[in-house]
Amino acid sequence: MRKLLLSILVSLVMMSILAVGCGGDATPVVREVVVEKEVVVEVEKEVVVEKEVVVEVEKEVVVETEVVVEVEKEVVVEVEKEVVVDKILEPFRIGVMESLTGPGETYGQVAVQSKQLAVEEINRAGGINGRPLVLIIEDEKCNARDSITAYTKLTQVDKVKIILGTSCSGAMLGAAPLAEADGVVMFSGLATNPAVADAGDYIFRTSMNDAQVGIDTGNKLWSDGIRKLATITEATDYAEGVRRESANRFVALGGEVVAEERYGSEETDFRTALTKIIGENPDAIHIAAQAEFSGGTIQKQVRELGYEGPIYGEIVVVGATALDIAGESATGTIGIVAELDSTNPLAVNFLDRFRARYAFTTLQWYMGSAYDDVYITAACLEQTGDDQDADGFRDCLYNMEPFSGTIGTYTFDDKGEVVGLSNVIAEVVAVADRTPENSGWNILGPAPVLP
Amino acid sequence: MKILNADKRLPALPRSIIGHPLVSIVVAGVIIYLALLLGQSADQFLQFSINGIVIGAIYAIVAMGFNIVYGTVWFFDLSYGAMATMGAYSVFYFTGRQIQTVGRGEINNLYLDIFMGILIAGVVAWVLYVWIYPELRSRINRITLLAVGALVALATGAYTGLILAHPADLNVFLSPTIGLLVATASGCVLYLGALSGIGSGRGLILFLVLGLPGALALGGYSGWLVADTLSTRLYLSWFMGAILAGASGLAIYRGVYFYLRRQARSPLVMLVGSLGFLLSITAFIAIIFSPDGRPLAQPFGTVPWSLAGAFIKPFQVLIIGIAFAIFGGLYLLLNKTSFGTAVRAIGDDEEVARIVGINTPVVIAVIFFLGATIAGLGGILLGEDIGIRPQMGLLLLLKGWIASVVGGIGNIYGALLGGFVLGMVENYGVWYIPAQWKDAVAFVLLIFFLSFWPRGLLPRR
Amino acid sequence: MLEKPVAESPWWRSLSNPRLLGTRLSSNVELLINFIVVVATIVFILSQGSGFGIRIAQLFAIFAILAVSLNLVIGYTGLLSLAHVAFFGVGAYSVAILTTDAAYEQVPGHIPHFGLSFFTALFVGMAITGVVALFVGGVLSRFRDDIFVLVSVGFAVISHRIFLFWQPVTRGPFGIHAIAKPEVGGMVIDSRLEFLFLTLAFLVIVFLISWLIVRSSFGRVLMAIREDEQAIEVFGYKARYFKLTIWVISAMMAALAGGITASEQTFIDPQSFVLLESILLVTIVILGGLGTLWGSLLGALVFVLLNEGMRFVPFLPGELIGQARLAILGIVIVLLMLFRPQGLVGRFKL
Amino acid sequence: MSEAGKQQDNEFAIQTRGLLKQFASVRAINNLSIALPREGITSIVGPNGSGKSTLINLLSGTLPIDEGLVIIEGMSLRAILPYDSPNHGITRTFQEVRLFDQMTVLDNLLVILTKREVFGSLFEPPRASYRNRARQLLDSVGLWDKRQDMAANLSYGQRKLLEVSRALAMDVQIYLFDEPFAGLFPAMLERVKGLLEGLRRERKTIIFIEHNMDLIRQLSDYTFVLDSGELLAEGEVQEVLAKPEVIEAYLGT
């Protein structure tokens, strides 16, 4: 009997979950607060008071009438009435898929926060053509299965046609075939795997291909006089991609990779691998990391093991948390990074607002990229005026005028790849000189170009 | 090995194992392999050894925490991983502002403070209830006793919450407690000394005249010293972190394991239950502190000492020292005190222990507190050495688990030995293969050991 | 005490006799209710007509295959295995590697072009998994209780490392994409609904096989092994071979699920085969009920609905959903162990 | 050995030669050489810790033999694997009742009756013959009514009865009962006694461990007395129990 009751209970719970899940499709009502100002001006008031003043002068009684005019001051009363009007304004609904858990959670969370910031700004400024923008956020956990589930939920339940995301190339590659088949635009600020370029017509990104970072890194290594390189790489598609492209370029220029080690994302102790690497006496060590934790920890442990040569890395290795973890060990590390331009007021503004809101910034370029995505989306929505029109949106992106955002001025090529961005060389400064404003590094200039 | 042999409980290796031909083959193989490594590159060999000893010390610490619990209640408490993470994050909580330069600032969460305060209050209340209450019940009015107990518990909880709410002034807020503790301790010592040394009558007067003011002055001075010195904050935060982790472990035991143990058929129920704690506490830490990795302050700096071509950080020497200190402390506690006897009796047969009058709930609670404290300390040391992240507990836990199984389940000698063996094998093992297979090597070692020495290197009995 | 002739006769007799059938059904009312719940929920999901419902049903079917097969090992034989995800992964990777004929110029060390059809690859993959499971089971059968759990964790970790680092074969972190879809009689199963029906068909097959196993004398011996391995050995059963057999069968079922998953999402990477997935699977099995196959279906259903239902909880901030899900799962495990260690409808207490 | 050694080998069901079992530093069975007669009821007595249960565990393969030789039905064995013991014609019960707790009473018996090979059992359909045999056995101990109950829910006596009937289900030549009467009420005790005597009528070999002198006198045809893993005395019940060294061992002066 107890089991019977239990199964009924379970079925009820499930039904209610389903009801919540499948029934929650009501049109959102935008509640607008219209402030009506009522100005009541009370104009000059003349009060005429006649006073009889009896003046007794000896036997004569003279009645003098004195007129006293009391003028009251002008009183202006403004009455503000808040009238709440429930306006049914169909918002633009955009899906967001980022990895809020899993190995990409570091990026996913700041990406979502940046996007939410952008959306709030757009809505506060009156929305797009008067219509607000709504983000529907889903977690793709940085793996293909959850990415497909999140994608299906967004497209089938929420009926969105434009999805911003994902954070991980793996998740992107899982959902991209479906998006391509359904004609849904996927627009990522973070996926860097070169395979994403060929994923389809509807797939865009504002982050640079690994290949670009690789070429710049290889050039920089060679021009700094490095001939024997050791690499240590996190086993994720991004980090592996960066390592592969960099090493290829470096070897093509004539260098030699004398040692290479990899590590799993959950590892914390890299000393074993580093001891082996340092034993090969490389001219420099190249770190490719996906998580800032390992990026910072490796720098620290390299120095603890007595290695004094230069360290090269990409943006993650010189990220804010990585530098905090590495401390003084990171001083002098060279990062080949895509950097927010500190002379760009858009970028500076954005960072200030973000810092004011969340009290930190990290991986500023990725944040800026995620932030820009929303503004590009808004611009294109303004053009098409319909969030269901994925084809129009796609064409808008292909034909986009050079867009100037926080990360620079850029367009998209015919593969949906971003054009117009470039990497710079950054050198990490000593702990005492690091500030949130300079992200802890000096820009040495653009990446060298070698034949 | 001298110390180990002095203990009668330490089991000698069974003759069948020593005489086993496989042992000599394996030992010979290991020696040849190590000699080969040494011949190839001596300073790298030394560096590997240092790496192995340092990480092995941390494994050993976690394994010792594991094993005192396992040897008493016979199940592996997976929530230890979460306790280790918790210890490390407490240190971050207290010292966050000191070390952050570019990244996220200090995180202070009111709800967390309140929650921990309530948790500590509960733990204190329970401890008072099972420990003090039965002793005083007959002498003092029950209502009074309960009221005073509740007041003490509440005060402790509120005090904890207060400390947590002002992490930057940890030393200031902790100083009265430390002063009080020092005063009480020195007072006790003086009192005992005076009584035993000079005889009761005059000794007491002497104590009252000289000892008491002295003790009070000492307490006050140490309290002032702590409050005035900023650099003590880091070490105080270790202390607080370990205590918080221990109290959480005790709360989990009392809140859940206590009931689970009453109805469980097999250790698997407990194992799965503690797995649930590991999952949820890790997730909560990630929610509160964000899933990113975080730095901890670097005690003694990062400048390594050079040692014949190899390098070691001063802090790493401290880690090794702490591992042996914990071992020594546990050795004394388990072998030289009546408490240790009680623990062993419970480990042998809880039913019988209860019948002969051992207060089993209290002893087990202390064991859980101790185990979780040690786990928290392990997490703190790992965090100080490397860095912290919410998921660090799982891997640390697995390694501690392996170390305790390899060393010998249920005793601290095995845990110490197993930790170092695991650390060394992990390091030497990947000399010729890519270092990414380190974890796989650890598990292969485990499977190998379990297949041929199913009870570990130093079995309990 | 009245005799119940129904219970004694083999089950198929009752099919020809309506009166017996009625009695049999009413004696199994609990099972019937579960069945109705499951069917009703599936119908309900499908009747929503949305692709998300199909996706949920697809996830349910995959998890149900995994849970049913894992229940044979945990619930019936009493081996708390966390290595199931390894076999899931081996199956998925086998199918991915065997079916694909795409050129991978990006990674050094090309995958040989096998280009098998999906079903051939599936069977070959299951065979490979069977061999792997035989080896793993041979090692594992030496251990019991918590040591068994630890060693099975070891195999889960090692398998993940192999998926991640054996790059010439598995392409490591890049994953394998463009995996072939199954083809039946010249028709490619492409749409999600078709795929769902294929998966459900496999689920039914797996369920029936499992049901026959647990109803057979073999299943009874498994339960006896779970209760007291030493005692059943004294009565002449070689418990080790029984454990190995069910272990291999269960692993092959997991491989089946893996193969379907690989083909369904056309992309796999090592991230889907981590230890956490094993923990989730064990949770499903315990949640539904140890030692009942229906329980596993129920567990998979509840888990998938809980997991995906959290996407609709309005008050959770977006960036916390994922972690909150894990936190809730952990609490659910603790509560289950406290109040219902045998799961929702199970009989066997761990 | 002196008396028994003169007899023919095939008169003994089981002989041991120099059997040895060591736990840590304690020798539970110390160089034991005995010969257990074929057919009839043999009892093994001895104070606690004298190695009675260990002997049964060794004979049934539950514990591995350290040294020595066991001769069962003329076949010399240096090691007995647990799952081989039925092939040697041996089955047993356990001192602490070891039923399959979370299985029904009926399943507890059926699991003994069905095929023993992996694939044989996998493809075996449910057979009425097994069921009838199970019913017969359960009727003999009065548990048929409880056949659908979980074994864990039975009373202690019922569990003991079920375990005895599980051993009977094996239908072998040699039965080893480890304290089958311990803790039973008189009525149940009579029932178990009846079962043992029934086996005797079927000319089986029954070996049992018991502390109750009355039962030993009533039931057993032959008795061995063990002390500290060594044979203290053997022979007909009455004369053995009258020996001074036996009395001394029991009273423990």
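Should a chain be cited, it is by its letter among A, B, C and D, assigned in written order, with residues numbered from 1 in that chain.
Following the convention adopted for this analysis, contacts are C-beta pairs under 8 Å (C-beta built on N, C-alpha and C of every residue); 3 or more make two chains touch, one makes a residue touch a chain.
Model, not experiment: these values are computed from the prediction.
Greatest centre-to-centre distance from chain B is found for D, with centres as Cα means.
Between C-D and B-C, more C-beta contact pairs join the chains of B-C. Chain centres here are Cα means. That of chain C falls 42 Å from that of chain D. One inter-chain figure worth recording: chain B and chain C are separated by 38 Å, centre to centre, where each centre is the mean of the chain's CA atoms.
Centroids built from CA atoms put chain D at 49 Å from chain B. One simple way to say how far apart two chains are is to compare their mean CA positions; for chain A and chain D this gives 75 Å. In chain B, the residues that touch at least two other chains are 286, 291, 394, 434, 436, 439.
Touching two or more other chains at once is no residue of chain D.
Counting partner chains per residue, chain A has residues 101, 105, 109, 235, 262, 264 touching two or more of them.
Of all possible chain pairings, those that touch are A-B, A-C, B-C, C-D. Put simply, chain D touches chain C in their complex at residues 60-62, 82-87, 91-92, 94, 98-103, 107, 110-112, 114-116, 118, 121-126, 128, 131, 145, 148, 166, 170. Across the complex, chain B meets chain A through its residues 41, 44, 47-48, 51, 54-55, 99-105, 286, 290-295, 298, 302, 304, 306, 310-311, 313, 382, 386-387, 389, 391-392, 394-395, 426-427, 430-431, 434-436, 438-439. Contact residues of chain A toward chain C in the complex are 3-4, 6-8, 10-11, 13-15, 17-18, 20-22, 24, 96, 99-103, 105, 108-109, 112-113, 116, 137-139, 141-145, 148-150, 152-153, 155-157, 170, 173-174, 177, 193-195, 235-237, 239-241, 244, 262, 264. In the complex of the two chains, the chain C residues touching chain A come out as 29-30, 33-34, 37, 40-41, 44-45, 48, 50-56, 59, 106, 160-161, 164-165, 172-175, 177-178, 261, 265-269, 271-272, 298, 301-302, 305-306, 308-309, 311-312, 318-323, 325-326, 344-345. Chain A meets chain B in the complex at residues 101, 105-106, 109, 235, 261-264, 266-269, 271-273, 275-276, 279, 291-294, 296-297, 300-301, 303-306, 320-321, 323-329, 359-360, 362, 431, 434-436, 439-440.
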